[in-house]
Amino acid sequence: MNSTFPSNQLSDTTTAILKTIREESPLVHNITNYVVMNNTANALLSIGASPVMAHAPEEVADMVSIASSLVVNIGTLSPHWVEAMKLAMNQATELQKPIVLDPVGAGATPYRNQVLKELLEIAPPDIIRGNASEIQALHSAQAKTKGVDSTITSESALEAARSLSKTYDCVTVISGERDFIVSGNSIAVVDAGDPMMAKVTGMGCTASALLGAFAAVEEDLAEAAFAGMMVMGVAGEIAAAKADGPGSMQMHFLDALWNLGQS
Amino acid sequence: MNSTFPSNQLSDTTTAILKTIREESPLVHNITNYVVMNNTANALLSIGASPVMAHAPEEVADMVSIASSLVVNIGTLSPHWVEAMKLAMNQATELQKPIVLDPVGAGATPYRNQVLKELLEIAPPDIIRGNASEIQALHSAQAKTKGVDSTITSESALEAARSLSKTYDCVTVISGERDFIVSGNSIAVVDAGDPMMAKVTGMGCTASALLGAFAAVEEDLAEAAFAGMMVMGVAGEIAAAKADGPGSMQMHFLDALWNLGQS
Amino acid sequence: MNSTFPSNQLSDTTTAILKTIREESPLVHNITNYVVMNNTANALLSIGASPVMAHAPEEVADMVSIASSLVVNIGTLSPHWVEAMKLAMNQATELQKPIVLDPVGAGATPYRNQVLKELLEIAPPDIIRGNASEIQALHSAQAKTKGVDSTITSESALEAARSLSKTYDCVTVISGERDFIVSGNSIAVVDAGDPMMAKVTGMGCTASALLGAFAAVEEDLAEAAFAGMMVMGVAGEIAAAKADGPGSMQMHFLDALWNLGQS
């Protein structure tokens, strides 16, 4: 791929995948954090997917069985939830359903690093999405080194993303001012988006949730991830052009997702 | 009753009940799911009720004691929360405070069916509200049969609703494009609302929360449920007329609830 | 201080503290309730702070270590969370990082009173913020008397606030139509704000979260609390002037926070 795309315009492939989501309305099972549940559910509904949030160990395997993909986000993790994440990831692997992992706050505490290590050992995800710092930290923890540099160059995160992609045979997405979609040695770049997106809580988590929908309908996961990040970026630009601040940004963003490709 | 009501206009009875809510500001105790807590609290505030969310087994009975009604919603259930639901429902029954049960995702997993069966055995609710699929699944689980049909006719959900209503001496509400309020052999229909409502997460949960407020001030629970669903539907129509998508729909919906019957 | 400030205009000191928050972007660690997590995170982002929500006993001490302040809010408390609150408050005390305590629903149940008593014994907070009823109840519980008067005069809450301030060497904030910032024998008054703020869930919780950011950058905690409550009130007035109800109020409030002092 190695392509950069002009923003505020969806490629034919992205439009086609989005159309498929609207037609098939895949059920995306989210085990995610308390802060963003409402937003991510609404974002999934806005692109035409069907969200479900469930986290009891007593039912996650059953829920995965009826879902088309699984999104695991460790934002507000605790042992009870981690147990459910493991059961769900195991089941998804068993049933060959795509798993998206969002390593929120990787590197911030030893507990997060330990949990991420355990999750990666149990079931390699199909897509990992994080910011540069999280991708770097996830790679370091996985490589059994400690600590996260306080300043992180894109290049070092790219190397970490490439290594994670190869180790787990997955697509790694670094999201930020520019998004990088890394699949083995190939890198695609999404240059869409707006700085205001970083001022709305959980925009990264929303990206991961959307990737769950895109991965549910598109087998080429690099294409799926590229399309998902492009939809995020373009919706963000449309919303930012109308927003007076983070409050209206959040609202216009959902409206933009809803209207994208609806013509 | 057996009445259909012209939409975008509240009946005198509905207006009167809504006025009572605004005057008395009943405390509605919600044990509900993580996804919708913020929205349902805001919806209750917007119609003039006073929401409280509390789920610790250590305090739910005390909270029920100072509340005017109890809303139990199993959306993101787990054993610890189910324990609290049971304690709260027991206490509400003891103190003769109305209970609204929202069987979110009934039929989706065996765990949900099992929990619903236990809740219904412990304390029959006064109002049950779900979509057609949930009402059907709740009825099947209660009748000890397994499985949920993938396509559900309104008629079959109506029969399930009627059976639930008679078994538990409660009002059963099927919400959807048309809402049915079933009380024994009588059925009332609310034809208000807008398809965009289904694209905002937790609109059904919001309906259940509002029913908690309506049941708190109106003894005739069929009237209370009819009024609550009518307020939902009319607010939904007002909001949809202004909305550009699910984001602005959510905002305008709360504003519409706030302004209904205020003049 | 003992000053009242004209509303819809920030003092030079408040503007300066807000500017420091935007420059330093302090990490504010919140252990708060499910209902308001999204809003409080967005409010913190809108004033330029960096929010983190984490509650696992396995990591809260580590999270406090990298944070600039700690906000503890008992809105939807349960034993597992209370354990984390204690660990976090201990760590914050150890590392001399400011603690803001929001005693949501103090007096509503014996469990809340008991937990608040335990929290206050473990680690005295630097700022306590509640409504008049909560401040009164917190004081009564701490004084080992039972019960909360159903009608509470501002004067009685002021006495409770003064007593709490002296006992714990902290600033006590009573928020309401008028906000009182009580520090020992001195009282400052903020007369900004709008009644519509009480119709958006979690506005009080948002105030407490913002105080975490203000306390993180301003050592004079009475000044920090005054500035934080002034920012809340002024943003509330700006938002209310544009709002059609609680839905748009919530959105405009975040936008107003974002734009305050940005010129």
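As written, the chains take the letters A, B and C, and residue 1 is the first residue of each chain.
Please note the rule applied: a contact is a pair of C-beta atoms (placed from the backbone, for glycine too) under 8 Å apart; a residue touches a chain by one contact, two chains touch by 3 or more.
What you see is a predicted model, and the numbers here were worked out from it, not measured in a lab.
Its C-alpha atoms superposed on chain C, chain B is turned by 120 degrees; the angle is given in steps of 5. Interface chain A/chain C: under half of the residue numbers present appear on both copies, so the contact uses mostly different residues.
One finds 33 Å separating the Cα centroids of chain A and chain C. Shown for chain C are the residues that touch two or more other chains, namely 34, 38, 250-251.
Those residues of chain A that touch chain C in the shared complex are 33-36, 38-39, 75-79, 105, 108-112, 198-202, 243-248, 250-251.
On the side of chain C, the complex with chain A involves touching residues 34, 37-38, 41-42, 45-46, 51-56, 58-59, 62-63, 66, 80, 250-259.
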